[in-house]
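Take a look at the structures below.
Each of the next two complexes has chain A plus one more chain, namely chain B in the first and chain C in the second.
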Partner chain A sequence: MSRTLRANLVTLVLIAPALLLLLAVFVWPMGYYGWLSLQAQSVFTGLEPVPVGLANWQRLLGDARFWQDAAQTLRFSGVSVGLELLLGLAIALVLHQRWPARGVVRSLTLLPWALPTTVMALGWRWIFNDPNGPINGLLQSVGLATLPFLASPQLAWIAAVVADVWKTTPFVALVLLAGLQMIPADLYEALALEGGHSWQALWRITLPLLRPYIFLVLLFRLAQALGVFDLIAVLTGGGPAGSTESLAVYAYLNAMRFLDFGYSATVMLGMFLLLLLSALLLLLWRRAAEA
Partner chain B sequence: MTRPPRELWARRLALGLLAALVVALLLPVSIAVARPAVTIRVLMPAPFVDATAATVDAFNRSHPRLTIAVTRGPFETESVSDLAISSLLLGDSPYDLLLMDVSWTAKYAAAGWLLPLDDRLGPDPLAGVVSGARQGNVIDGHLWRLPMVASMGLLYWRTDLMERPPRTPAELVAVSRQLQQQGRVRWGFVWQGRQYEGLICDFLEVLHGFGGRWEPDLTPGLGLEQPEAAAAAGWLRQLLVDGISPAAVANFAEPETLQAFETGDAAFMRNWPYAWSELQKPGSHVAGKVGVTTMVAEPGQSPAATQGSWGLSVLRGSSHPDQAVEVLQALTGADSQRRLVKDWGNTPTLTALFEDPELLAASPTLPEQLRALEYSVLRPITPAYAQLSDILQRQLSDVITGGLPAAQAMGRAGQASTLLLESTGGEGTGA
Partner chain C sequence: MTTPTPATSASVTVTSATPGSSTSGSLRLEQLLRRIGTRTIVDHLDLTVEGGDCLALLGPSGCGKSSILRLIAGLDWPDAGRILLAGRDITALPPVRRQVGMVFQSYALYPHLSVARNLSLGMEMRGVPRATIERELDRVLVLLQLEELRGRRPADLSGGQRQRVALARALLRRPQVFLLDEPMSNLDAQLREELRPQLRTILCGGSAPVVYVTHDQQEAMGIADRIAVLRDGRLQQCGTPQQLYEQPANAFVARFIGRPEINLLPQPDGSLLGVRPEHLHPVGEGGIAARLLSREWHGASQQLLLSTSYGPLRWVCNGDQPVEAELRLGWEPRRLHRFDGRSSLRLPD
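Here is the complex of A and B:
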């Protein structure tokens, strides 16, 4: 046996557990979904799978609700993650500075992230309550009319974004803070010696060196946001008029309420393809940014 | 030496008698040993777990070898179904009995999750059940569910603000507007406008009040493409436009509706029977000032009350179907219902209980509830009901929030519903 072959074999054996795990938790379910998307398996088939070829996929392409939900999910994800990045960066920069009680504040910042989403969503449902919620209480106390935050298709998705930003900005801040701590302090000292000011430090040192962390956090958050379910399910249930329904909520309705598992699997895979496309665009952007 | 024959006879007789005695004494013990202790597991929405606790305790005390174990489900109706379905999909159900909303039955039966009760409950198990709670239990000729409490939509009105409740939609609006202009209430009418099942229940009552229908066999569009459907949806929208109902009603479920009415902010409320006892509790601003009646209807149309009963079904996966049926009978029986009415303000399903003096004293609105049950209307009975409801919910929500004109939205809902039933072959109305 040649040396390289043996080395390859050892590598294979060493990564086998990880590969098996990946196979079990990723490849197998995906394969199963793929198979299920080619079946009619619903309450109308007595929950038995009946092969139907590409009928589910054809239905998906012509399903206005799927595309509306896809657009709404992308809008929610884009706006949420964008805001979280800006706010998270600002918070990370503040928390990176030395000041008294920084440790306490760092821990406190993490609290929203530690809260279960369902609990948090119930809380926000109350905060947005019309007319008894605190926001509307504030509006009324200064003589303004109350706003039906969760009862208006124009406002409800913004309410969902606000709740999501509140909950996940700490995560973004935490990852970026870790990134900030990896930047050697002497770079800033060198810039200071050359007479550079703090804006230059941000643009020329901090942001370029933080880029890998920004990509990482974007990838994590986009994957989560595109699959948003619990926040929407509790806060609005997808309403009003379907204006906040996400693809995950739609897939859930198809499976758990309509008992249409074939189509639900197709919606899930459609959502996965969308996620893959977003990740690909992000990677291309990263490559372009590095070049 | 042999014994004389007579003595032998006597001996044999004595031995035989002794043996018979021993067998007779041991028989119950041996039967008890052969029949091991059985636990029947029941999944119920949280409020019913409390309301049936006394009945369950009494049953468990009097049945040493049969125990009822109740699982506390979520508060919200559809979440209970989600929980039940996720366990049913895994194969072996951890429950023997499920307390089911009337709108789930067709779907669960079609999925093969329920045990038909046909021969297990005697000749006519629904004989003593009031007509308004009888429908929706027999589907395709099989009995799938026995109702435990009836429920139907009611119009709550303020006895301190008017002498008698309005009978027509126009009257309701006129009375509301007058009271609002006099500054006596902030809102006229609060109801369930959130995009969820409750919106369908409210709409169905208004639809019938305008002379419309929503049934799987009606063409075109299950009745939704008729002017009556557009008139009903348009009326609901107009309530928000005119300020009779707050804009927030478009996100109201039952709790928000009750809250708005309880604080004295509204003249009318659409809700289920449970609300009446809530409104009499300390802290309510309208205790003693509330009457109930049926929903308003156009002149010449009869009012309607959406049926929302709860009933017990035996799950096919149960390994003790006989004992499950025994528990089902205990929980749906007269004693159990008496407690549910007296202590918890529920509505009975047994006709006899509506005339029970003790219950009438505890729940004075029983006659009105019985009257409403006579106008009870069912949501479509088909395994595709969840989809039909979802289609209509979205379109109604669109109308109520001002997104689409009523006629256009109802047209869309009708077309989508027709397409759905065609593609699934999901006709199948029940008896």
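Here is the complex of A and C:
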């Protein structure tokens, strides 16, 4: 056996555990879904898989509900992740400054993120309740009419965004705070000696050097938001009139309510392609920004 | 005979350099005090640096030398005392209005910007016209031989090149005072010795006062016109390298200046008798009896450790000097230093 062959074999053996794990939790389910999307497996086939070729994919392309949900999912993700980035950056900048009780506030800030999504979604459902929730109580106490936050298609998706921003901004702030702490303090001192004020320091030093962290947190959050399920399922159930339904909720309904597993797998893969496309765009944006 | 080391790409020949040529004036620190909590970092310091002079702040780590630099730059504020530049009180001025050129220990180059942008950013922020920026940029790029590197990022530069960019940035400021915080500490020993003469040319060619922080006495003696030795935030002595070597004000300065370290021999009356290792020589009679403990041979010189009735004794002599196992060592009376045993202050000769 040649040396390189033996070395390659040793390498393969050493990475085998990690490789097997990846195969089991990533490649196998993806492959299975790919196969499933080419089958009809529903109550009409007695829940047995029957090969149907690309029929599920054809149905997906013409499915108005899928495309409406895709647009809603993108709108929800774009708006909430954008707001989380702005708020998270502001909070990170404040928490990076030295002031008394900073440590306590830093820990408190993290609390919403530590809460299980289902629990916090139930909480927000009560907060948005019409007419008994605290917000409507406040509106009534100042003589205004109550608002049907969760019953109006125009308001319900905004309610979902508010709840999501409340929960995940701390995560964004935490990642950006870690990034801020990696920036050497003497860069700011050098800039101050040259006449830079704090606004210039933000634009000239902080944001450019924070870019890798902003990219990272965007990738994390977009992946999570595009797959949003539990928040929507508990807060609105996708309603009213499907106006908050996300792709993950639609895929869930196809499998668990309509018992159409073949089509559910196709919706899931459609969602996955959307995610892949978003990640690709983000990557291209980063390339362009670095050049 | 050793041949001189061939010039590497890092070495630069500087023909003329005039930092702060437009202005000149002395820097004065008066009773400068800086406390952090209950600790006194800078203790009622009085110092003056004339325009065009280079003063080295020398001392062990934690002696307050970097703190003094930060106070002059305006990055920290003194608890008491005044800072005067060219007769003007700048104690309360923000950093930008003090017009200082500073080289940080880490160089503090902006990692995401090219060399040229690193240098021009300050002028851009101050609203200097584009044409002036280009002219000034070309001036320092040529002066420090950085033209070919103008498009590179700091990560793609060697340590010596980064130092030159940091120097160029400080020069561009046309500073009224030049501050350098251990600018050599990130370079290897050989490069440090190569760069010392050119750094001296750049710094001391102009008319702005230069304050140079270092913990390396050899570097301080090689670069500075005058040295201020500090300990625990207090000034021990300020003078030319020669004054500090020949007339150290106390035992601490005597130990800090000169390598190998001075021999301090305790006397029966409690005082300390100081004699430098290089000022000892073998004598037939008189002097003190010594027995050889160890020997380090360096070619041109040798360094010996001997035991005497006063304790261990360091001796440096020529490499070709024969050394016996038992010998007597003496010194010229004018080479002798005496220090008070309790205060460690120099006693009159």
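Heads up, the rule we're going with is that the second predicted complex is superposed on the first by the 277 of 291 C-alpha atoms of A that agree within 3 Å, B and C clash if a C-alpha of one lies under 4 Å from a C-alpha of the other, contacts with A are read in each partner's own complex, and residues count from 1 in each chain.
Here is the rule we go by: contacts are C-beta pairs under 8 Å (C-beta built on N, C-alpha and C of every residue); 3 or more make two chains touch, one makes a residue touch a chain.
Remember, predicted model here, so these are calculated numbers, not experimental data.
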Since both structures carry chain A, what do chain B and chain C do when superposed there: clash or fit?
-> fit
So, does A:G238 touch the first partner chain B, the second partner chain C, both, or neither?
-> first
Based on the superposed arrangement, let me know which partner A:G195 touches: chain B (first), chain C (second), both, or neither?
-> second
Look at A:P131 in the shared chain and tell me whether it touches chain B only, chain C only, both, or neither; answer first, second, both or neither.
-> first
Check: chain B-chain A-chain C angle from CA centres, nearest 10 degrees, reads 150
Using the superposition on chain A described above, determine whether A:L21 touches chain B (first), chain C (second), both, or neither.
-> neither
Once the shared chain is lined up, is A:L187 touching chain B (first), chain C (second), both, or neither of them?
-> second
Report for A:R204: first if it touches chain B alone, second if chain C alone, otherwise both or neither.
-> second
Is A:L110 contacted by the first partner chain B, the second partner chain C, both or neither?
-> neither
Kindly classify A:S152 by the partners it touches after superposition: chain B alone (first), chain C alone (second), both, or neither?
-> first
For chain A, which side has the bigger count of touched residues, chain B or chain C?
-> B
Partner chain in contact with A:A90 - chain B first, chain C second, else both or neither = neither
After superposing the two complexes, find the smallest distance in angstrom between C-alpha atoms of chain B and C-alpha atoms of chain C.
-> 52
Footprint overlap on chain A, where chain B in one structure and chain C in the other make contact | none
Touching residues on chain A, where the partner in the complex is chain C | 184, 186-187, 189-196, 200, 204-205, 208-209
Contact residues on chain A for chain B in the complex?
-> 42-44, 46-47, 129-132, 146, 148, 150-153, 236-242, 253, 256-260
Chain A partner contacts - residues on chain B that touch it in the complex = 78, 81-82, 85-86, 107, 110-112, 193-196, 246-252, 256, 259, 383-384, 386-387, 390, 393-394, 397-398, 400-401, 403, 424-426
Spell out the part of chain C that touches chain A in their complex, as residue ranges.
-> 73-75, 94-96, 100, 102, 104, 106, 108, 110-112, 121-122, 125-126, 169, 173
